[in-house]
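My structure is below; once you've seen it, I'll send some questions.
Chains: A, B, C and D, in written order; residue numbering restarts at 1 for each.
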Amino acid sequence: MHYVARINSFMDAQHTTTSEAIRRIGAAGIADCVDINYPEHFECDSEEAIRNALTANHLKLHAMNMRFKHPFLRGVYTNPSERLRNEAVEMTQKAAEICKRLGGRLVIIWLSFDGYDYSFQMDYEASWQLLVDAFRAVCTDETLQYAIEYKPYEERGYALLDTFGTTCSLIRDTGLKNLGVVIDFCHMLMKKENPAFAASYLLSKGLLYGVHLNDGEGWTDNGLMVGMSNPWKTLELLYYLKRAGYDATIYFDTFPIREDAEKEFAANRSMFERMWKLLDEKAMAAIQEAMKAQDAMMVNRVFQSVLSGGS
Amino acid sequence: MHYVARINSFMDAQHTTTSEAIRRIGAAGIADCVDINYPEHFECDSEEAIRNALTANHLKLHAMNMRFKHPFLRGVYTNPSERLRNEAVEMTQKAAEICKRLGGRLVIIWLSFDGYDYSFQMDYEASWQLLVDAFRAVCTDETLQYAIEYKPYEERGYALLDTFGTTCSLIRDTGLKNLGVVIDFCHMLMKKENPAFAASYLLSKGLLYGVHLNDGEGWTDNGLMVGMSNPWKTLELLYYLKRAGYDATIYFDTFPIREDAEKEFAANRSMFERMWKLLDEKAMAAIQEAMKAQDAMMVNRVFQSVLSGGS
Amino acid sequence: MHYVARINSFMDAQHTTTSEAIRRIGAAGIADCVDINYPEHFECDSEEAIRNALTANHLKLHAMNMRFKHPFLRGVYTNPSERLRNEAVEMTQKAAEICKRLGGRLVIIWLSFDGYDYSFQMDYEASWQLLVDAFRAVCTDETLQYAIEYKPYEERGYALLDTFGTTCSLIRDTGLKNLGVVIDFCHMLMKKENPAFAASYLLSKGLLYGVHLNDGEGWTDNGLMVGMSNPWKTLELLYYLKRAGYDATIYFDTFPIREDAEKEFAANRSMFERMWKLLDEKAMAAIQEAMKAQDAMMVNRVFQSVLSGGS
Amino acid sequence: MHYVARINSFMDAQHTTTSEAIRRIGAAGIADCVDINYPEHFECDSEEAIRNALTANHLKLHAMNMRFKHPFLRGVYTNPSERLRNEAVEMTQKAAEICKRLGGRLVIIWLSFDGYDYSFQMDYEASWQLLVDAFRAVCTDETLQYAIEYKPYEERGYALLDTFGTTCSLIRDTGLKNLGVVIDFCHMLMKKENPAFAASYLLSKGLLYGVHLNDGEGWTDNGLMVGMSNPWKTLELLYYLKRAGYDATIYFDTFPIREDAEKEFAANRSMFERMWKLLDEKAMAAIQEAMKAQDAMMVNRVFQSVLSGGS
């Protein structure tokens, strides 16, 4: 498994540059790659400086994350202004080019402001068509993968792409073959989506391009450390990843606001590896058996065993 | 617009037969059609008796609603027992035949127990395939329409078909042309789905086979009277129906536990018609303009105008 | 710790009598006491028959649970009819007398229908006063304890007594010294209440008269087995019980609809005891230290240790 | 009724000073008073400059709102550091003095960071005692009113003071006579609290010191314009205010991120006044009658009448 570090965890407090955050991540020796936000992380550093920092610290670029901010307050691909819609598409295309030049193969698109706050504020049918058109205009480089990271709400009261089902409906409507999904554990809990269920479907369709792991209390994007609120749901997600032979990357999308970033990353990785290891051959077989019988008592034995360290 | 009455509203308290409930609905002169639950409503009355009651009371059968009960406690189309899975498919086929014989053209399928209560209780990938297979086995009569009525949870802690997006994903996976969706306002609110958004998508794909109208407080299936909790969301749903020229049926899926069934039906119908009328040409134009500009201030003017009776 | 069995878990499927359910519980040898619902469990059996069954099976009556049903559809202590309000109070008084005669010391009152479904359906100030008056009329036997089991909604869309804070406000308004609270883990999750927080407050005021343990997914009253969804929140609740020297009873309020009642009870008890044991001196000290520093990293170490069986 | 403007609505976009925001509010002639955040709004302007701006624009200071920011990331009155806890109390005392000097009589305290993100992160009993002690230390000026503005979560995953019931429990534990509550409509919806119910209780106890009006979709602090999502719940809240003769102030706590602040304020005020007016003698009597009978059909007639402009 490859572990991806979140630049902002190593940046926010100290107001460091992107290169400095990369240096901190490299020095900690805890991750294989980083994701970089576009254009956010290029505001304080040049492409060249970031490339050098990656090389010097033996880190790879995993993905470019689109971060549409202030000018897109009223919408990204569905902005009422045609000029801003075009600008959003062009920004994504430019990010894809930089991503490729820096050795990345994945562009992750979170459509922060594509949604609405009020009933009657948006023509859903027209807006949906704008989304279809925009993704077709964006996903033109067949050597790259593009992924939608959906989130049910926030920044807006309602997002258009809010669940795995809505997102899959959009992907099918575009007919694109290099557009998939990055799931975020916390986002899924916000609307009571079961992460393992969504992952199972996306894996079966070859649409799971990445996993943002964290934990949450539902309703809001808590960004808690892995396994700290919903260990069983986390374990179930890992089961489906393991079963499907998922060998892409795990990105810890957690917010160490009150914690030391290096230690917090290490705790996430350690919890993840502990859980991955709990899913040994014996556990996988016991789970498979419980699922076949749809028997809650068998699940109970698995959980009680885990709370004894797998013995 | 055709209005469909809910048999159980006219039945529960008095433990009447199906025919007697039909008689009450006919006598009240408030609905054009009824939906009948299978097998529930045939337990106390024969097909013949129900046919006679419909004819005598000038009511048509609109749809047959599947009600899978006790023997399917552990699952309907995804029951761990192959025998029970087959039985569920056969029951649906039999309901479709009776539906046709009684003059109905729609079979509504709510998969009450197809879900899970615990993590690891169900193999999602295998269960999804069972759903695909079952619907292919069920939807064989091309002269009929079959519709999924999704509900995010209850009877089980999580349902497999929980949102319009998941349901559309299933429908596409089946490849069927006569399988669509019946939306239920209250079910949609349970997981913070915006009914108008879902309706807009389903209408644009020709997949909206029916509307169950009611109101709710979210989280649970309240079955409140129309417009009593979320008038703006109701009005927005009606806007999309009106704009799309939806002329099928409105079924009031409300639970008059403490109210007189006839008066409660009349109140639902009256509220619906009042709102439908509020959406006159002027209002439709004002809404269209607000949507185009995505301007909340314009929406505010529409709502303030409505609170003055459209003046 | 004393374990209390739920009669209905041993009753529903087979339509047994109360005495037969008590016999099953006795034969399983898993519980010390039972709670009995009034008037529900006296509908198929006399007080005498129940007393004999308890004695013969070496089980004690722990508490009498009020179950207000059909005639109170429009309200219990806040019913619009004065006659029914008085009847509800008298029923509670009668239940208290029977409770005492059968050796119980606790009357648990869940006000199922005291709430509302619609805005403007209830005069909250007047209804609150009715609650205050009713509890003052009910809690007259100073040798007994009376406890409110709150639930945020269901049967009604909104309950008047929905959280520990509202319930404590009511208790203080009554000025009663023998009126406390029974918490139900699942009910608390329905409105995102943290069980340990509520328990901590109630324990500090001497108001925690009982604990209904189970687990849930929030939003609805799932009645899942202990520890199967929220093990950390369960462990935290147990921590506060242990710290406060709580030595009353644990009632497993779970719904073994698809499970064997005996095995399900045993799984609840085993999970509870496992967790209670995980909270050994070392763990209690580590938790105390984490709390003092309010340090999430220390909590992480506790959880990772638990997932290794406390080693 | 007095209307209070929110400084930040007139400030955020242009990065104006506090005085300039006050000037904009004055020029618009829409509000009688303003609330000022401490220390936030004194960071770019002196007390003197603010006093002059108020005088010049014929605006009064209604309340001082505490805004505890970065240094209190780990807690305000319950911070693990005794030094920071003391600092928070002293800041509140200082804000109270300035409030008084500027002619205000109310200090509103929102304890942004007093809560927790993880199970076991906080000792609830000890933290509660810290809250009690802090409020006793703070509310020493008997000529002033102090009010808690509770919010169920955000900034932290869980707040200690999350509902009206919890907040009332705290107030009673302090024994203070000048400590009350300011309710925020949106905050209440976040955990499915019914604003009118909470207001009714607080009014009956003389504890409702202020109202922050807005609207929301639940779960998150949307800050929508008044009446745009839950008109019936808004109307019900207004009913209780009117009935109780509430004549304090209405503060519109809405976030005009995409709207013109002046127009947005006007829309809130116009909607409020429209609704206040809809509650004429006839409507008040009809509501009273519906409440007395607890009859949903009567409520339905009230709502249908409102949708016809009260005719």
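We adopt the following convention: a contact is a pair of C-beta atoms (placed from the backbone, for glycine too) under 8 Å apart; a residue touches a chain by one contact, two chains touch by 3 or more.
This is a predicted model, so every value here is computed, not measured.
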Smallest number of contact steps required from subunit B to reach subunit D: 1
Give the chain pair, either B-C or C-D, that is connected by more C-beta contacts. C-D
Centroid distance [mean C-alpha coordinates] between subunit C and subunit B, Å: 36
When centres are defined as mean Cα positions, the distance from subunit A to subunit C in whole Å is 40
Considering subunit A alone, which of its residues make contact with at least two other chains? 74, 117-119, 153, 158, 192, 217, 219, 225, 228-229, 232, 258, 296, 299
Graph of touching chains, which shape: line, ring, star, complete, other? complete
Provide the residue numbers of subunit B that touch subunit C in the complex, in ascending order. 73-74, 117-119, 153-154, 157-158, 190, 217, 219-220, 222, 224-225, 228-229, 257-258
Residues of subunit A touching subunit C in their complex? 192, 217-219, 225, 227-232, 258-260, 263-264, 267, 270-271, 274-275, 278, 296-297, 299-300, 303-304, 306-311
As the complex stands, subunit A meets subunit B at residues 74-75, 80, 116-126, 128, 152-153, 158, 160, 162-169, 172, 191-192, 194, 196-197, 200-201, 203-204, 232-233, 235-236, 239-240, 287-288, 290-296, 299, 302
